[in-house]
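For reference, chains read A, B, C, D and E in written order, and residue numbers begin at 1 within each chain.
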Amino acid sequence: ALLLVGCSASGSATTSTRSHPKVVAAFYPLQFAAEQVGGSHIDITTLTQAGVEPHDLELSAQQVASIASADVVLYIKGFQPAVDDAIAQEAAGKAVDVGAEITHLTTGGAVDPHIWLDPANMTAIGNALANRLASIDPDHAATYRTNARALAAQMVVLARQYQSGLARCASRTIVVSHAAFAYLAKAFGLQQVAIMGLSPDAEPSPARMAQVAQLMRADHVHTIYSETLVSPKVAQTLAQTTGAKAVVLDPLEGLKPGSTDNYVSVMQANLTALQANQGCRS
Amino acid sequence: MGLLDYDFMRRALLAAALIGLFAPLIGVFLVQRRLALLGDGMGHVALTGVGLALLLRTAPIPTAMITAAAGAFLIEFIRARSRTAGDVALALLFYGGIAGGVLFASLAPGQGTGTLNAYLFGSLSTVAASDLIALVILCAIIVITLVVFGREMFAVSLDAQIAATQGVAVRSISTMMAMLAAIVVVVGMRTVGLLLVSAIMIVPVAAAQQITRSFRATAALGSALGLTASVLGLVGSYYVQVPPGPAIVIVALGGFAVIAVVAVPVRRYRTTR
Amino acid sequence: MTAERREPDGAIVSTQHLCVAFDGATVLQDVSITLAPAQVTALLGPNGSGKSTLINALVGLQPVQHGTVELFGIPLGRFSQWQRLALVPQHLPGASSIPVSVWETVMSARSSPRRRWRPIQRSERQLCTDALDRVGLLHRRRDRLDTLSGGQQRRVMLARALAADAQLLILDEPTAGMDAQNLQVFVEVIAHQRELGRTVLIVTHDLDDIEHLIDQAIVLEASTDQSVVFAGPPPLPPSMHHVAHHHHETPPQGAASPVVAVDP
Amino acid sequence: MGLLDYDFMRRALLAAALIGLFAPLIGVFLVQRRLALLGDGMGHVALTGVGLALLLRTAPIPTAMITAAAGAFLIEFIRARSRTAGDVALALLFYGGIAGGVLFASLAPGQGTGTLNAYLFGSLSTVAASDLIALVILCAIIVITLVVFGREMFAVSLDAQIAATQGVAVRSISTMMAMLAAIVVVVGMRTVGLLLVSAIMIVPVAAAQQITRSFRATAALGSALGLTASVLGLVGSYYVQVPPGPAIVIVALGGFAVIAVVAVPVRRYRTTR
Amino acid sequence: MTAERREPDGAIVSTQHLCVAFDGATVLQDVSITLAPAQVTALLGPNGSGKSTLINALVGLQPVQHGTVELFGIPLGRFSQWQRLALVPQHLPGASSIPVSVWETVMSARSSPRRRWRPIQRSERQLCTDALDRVGLLHRRRDRLDTLSGGQQRRVMLARALAADAQLLILDEPTAGMDAQNLQVFVEVIAHQRELGRTVLIVTHDLDDIEHLIDQAIVLEASTDQSVVFAGPPPLPPSMHHVAHHHHETPPQGAASPVVAVDP
């Protein structure tokens, strides 16, 4: 162990070249924000590939190397343990915990990481990134700030669409399979009822399912939302029991492989699904 | 009761009863062959299969089935070819399965283990009618295999060498046992979940063997305990709000503990083992 | 007894120039032996001379380097009538994870592939009952095998072989650890098998107990050009007495030597 | 080479070498005692510990350590008290560990297994200097324990009954072995990851035992193979861009296969086992 | 030899009214025996009479229902000088997952807690070498134990006990499956141990081989009010001849009866 002492900062000494800042994004929504803010002035690497459940990511040595040599690393602390570890080791000063800027919601006592589902939070993420990029690449500071404002504008538009689209709905209760939509629900006055908790891979309890079924009957809910990256079986079973239908609502933890969608288009598709199934009049 | 008002509960009850009743009948052979952790191992191998399917763009479930069967075959192959005990062969497969799964997932760009899980994991509260049919077919396969090959399977478990001199095709029967277990695990994990199917094969048998004096009695008592634990655990989970799979496993483990306590006055000997 | 009682003319077991080696070390060298129908053969030889190895080679558990084995006139590679032989190995079964009863152990003799599609016959149960009764352990049939004493377990394994109702019995040191009374029973069992026209191969270190039943003795010796140093009807030549008779090298207080004793 | 330019790679190399060299020395006892899957089992038990810690709001890592140690104790207790084989006791703990972990997680609302994982899974590419110190201490503990208690551990593995008549405290020594394994797993999983630490204890030993003729030689060859696989796998993973843990395990499994093929001409006997 | 050579006056082993039962079935009933220093005792009795159970009870492997056991004058519960005894169990070791060599098996006799903090002494190695040499298996010391023949493995277990260099040797059927020549060696080994002042307890079914060495015989019988039906110096009373002598109930072709033979 002796020979390691004293050289712990040498690995990151190679970043002084005046080329594009290297930005590493932990998973898709952060990649989107980086693309919007940095545009063509930065190089973006995403740690979580499309289609991967981001929670249990493992990093290869090259990916750790990319973190070590990055100028900015965008991540949400406490969401992906492997990324947290790598940042603690290799990029302590260069990391931006985008969750730090945001008032967290807690679901049943635990911090809910799914912040990106509220467009306003994306604006905050964009601003935080622009500030950081401006400080390490002052030449393009203005561009970054402009881009961040443009992202903010997009998000405002998106939020308006949601607000007006969900203004008059027959039901404000959304029944979802895992509790990913708390931020979205809070932002737009919906009521999230989740069959499972924050993690999508737990087994649902029959008692909870019966509870939800009862609640759906009482509130005349006719739709259950399932997700893209996780098995829709829970939603289907409950749908069958209650005569409701199962519809996909994407928690945007990642894109499907080969998808040409982006954050905005997925969010709009989600809105359309919500409007259609919550009985909303526009 | 209210419990049977929901058709998902009725299906769950039937599925739990079936798996509780029949899985220990396979489990008793697994324990005897020192493959008590085969269930979990097969789960990992099946996961590798799904990873492979995503890489090769084939259908995941059949591929998982095939890899699991290949895994069963491989265990017996390793046992027979290299001088390796059953549990060590299983460990090799197990760790190989995880490592392979992660590697494939990282090689197939954009396929994470989360995606893999979606193809494999069922749960008792979400058993569909079609799943029940698969389960009934599975149980029929178990019963038929046991009726036809049970005696040979027993002979092989007892002493493979002697069985060979009786003309029993030891390799084939061994592989058949492992395959049967693999099928149970893969079908079971799809329908009632991996934890439940792999634990319910073993835990009731482990509980039973503490007080029984014959193989047959162990199988019978194990099966009865499996059924009891399944029904109790499921009903309990309806009232206590916990997932049914773990609840059933905990009840079965409680059964083990109860029998262990009851058995101590029965057998007071054996200080070390 | 249910199995047909045939008396084949040819040899029941025969080997030609059999050689077996482990990791390059030759254990059996040029072994050519013949077991005739309805004969009792004793296989003798010091520890490590290859008796168990020879038995394993005869039943196909041990690959051979050279030479051939024929069972009932059929080369081992093509032999499939396994229900015609029964084996008692030298080692007792080890600890089992699942309890196994004495009865189940004996019944497992009836699980050949030929009987796969047939339910267990009443006559098969009778065979097992008779076999257990014969070795005096019928009252223990419901007990766990591994709670029996060493000598009792050995007798269960013998009963298992008897329950196979086979024409060829191969017994590797069946009398080790047996008490005198059970040895007596054993001698009666073998005598009965011979009467039934069965062929029996017995490995032993103490011929005295069964010498009067023996039709042929085969003596193996380790590290010689030819492993078989004697094959023929007893008595053994004096030079071989040491491999077959236990306790006469140090005659206890000048005892009279028994029958075949021509000490070296 | 470029490989050693990154100090995280230097740390990874050192960690992999240490664990590859010393874990098989414990693994050889585990295999002998039929606990080849103890690594994975301990991982699950540790997970239960974290679940419990979340529920009780205590510190997760010490709680995990304590549950793992309790698990080790429990395995030996089950073995000694109920007539249950080592692998079956392990299976009980294993399935109990998963079931317990899931139950606790579902009782502590809002704590998914994802949260649990965060506390437990290390990875070779992110080993910190403090982790290395933990690892060095671990290796020192292994060496000292082996030097002092190695002979008694061996006697117990060989035949517990005879060891007892030599005055060896069989229960204590057994429990010590399981505890040692538990410590290796918990320290190892935090630093180099669960898959790697539990596999590297077993796979090199399984490879070695195919050709060795003594316990000591098996331990030595296993240790050498562990070291080789660790270094080769890590270096390979740097160039091929796969996670290092699985890469090392795959290399070790490759070693098993190579030895199996080489060993066949060496030992051509044993048709069934 | 390294261990001190003490000749205690009192009994090496003694039991008082020992009772042992399994699942309610009494196996040993009211057993009171004494092994004096420097004596060789034969423990006799039919299969299942409880010989192995008695031995296990003596060394604390078998809990007892009633009665007391003393080793070297110390009650079993407080006994801790385990390096003073060595045991050879009846069963051979089963298959091991990890290869274990003959040498390692014998060396494991030296792993008592007392020697924990001491490195292995040269004299300890010498003890193991001597013991293996004595049973004629020194040349096999590097081989895997489970590749040895049954009789060879039994001799390794004997060597293991000898390597313990203990004052009390307890041997459960050490001669089962031993060939005549090795039996001879065994007799010499026991004679040598007796000369060294060691106490030896041997379970056997065939007293003839070792009768001239025996100072005391203990005969157990199953299902009696008192398990011990005879205890004293040989010869055995005629009525007990059947538990101790193998092959004279069916005299082979009218052989002369050997020395102690007073057949019933």
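Note that in this section contacts are C-beta pairs under 8 Å (C-beta built on N, C-alpha and C of every residue); 3 or more make two chains touch, one makes a residue touch a chain.
In this text the structure is predicted, and so the values were computed from the model without any measurement.
Counting steps between touching chains, the shortest path from chain B to chain C takes 1. Of all chain pairs in this entry, the one linked by the most C-beta contacts is B-D. For the pair chain C and chain E, the distance between C-alpha centroids works out to 28 Å. Centre to centre, using the average C-alpha position, chain A and chain E are separated by 74 Å. Between chain D and chain E the centroid-to-centroid distance comes to 40 Å (mean Cα coordinates, whole Å). Listed for chain B are residues 31, 34, 85, 87-88, 102, 106, 161, 163-164, 195, 209, 242-243, 245-246, 267, 271-272, each touching two or more other chains.
Each of residues 55-56, 58, 60, 200-203, 205 in chain A touches at least two other chains. Counting only residues that touch two or more partner chains, chain C has 22, 60-61, 95, 97. Chain D makes touch with chain B in their complex at residues 31, 34, 36-37, 40-41, 78-85, 87-88, 90-92, 94-96, 98-100, 102-103, 106-107, 160-161, 163-164, 170-171, 195, 198-199, 202-203, 206, 209-210, 242-243, 245-247, 249-250, 253, 256, 259-260, 263-264, 267, 270-273.
If you check the complex, the residues on chain D that touch chain E are 28, 31-32, 34, 148-149, 151-152, 154-155, 157-159, 161-169, 205, 209, 212-218. Those residues of chain B lying in contact with chain A across their complex are 2, 6-9, 12, 102, 105-106, 109-115, 117-119, 121-128, 193, 195, 234, 237-246.
Here chain E touches chain C in the complex through residues 22, 45-48, 52, 90-92, 94-95, 147-152, 155, 173, 176-184, 187, 205-206, 208-209, 211-212, 242-247, 249-250, 252-260, going by the rule given at the top.
Taken in their complex, chain C has these residues touching chain B: 59-61, 80-83, 85-87, 89, 93, 96-101, 103-105, 108-117, 120, 142-144, 164.
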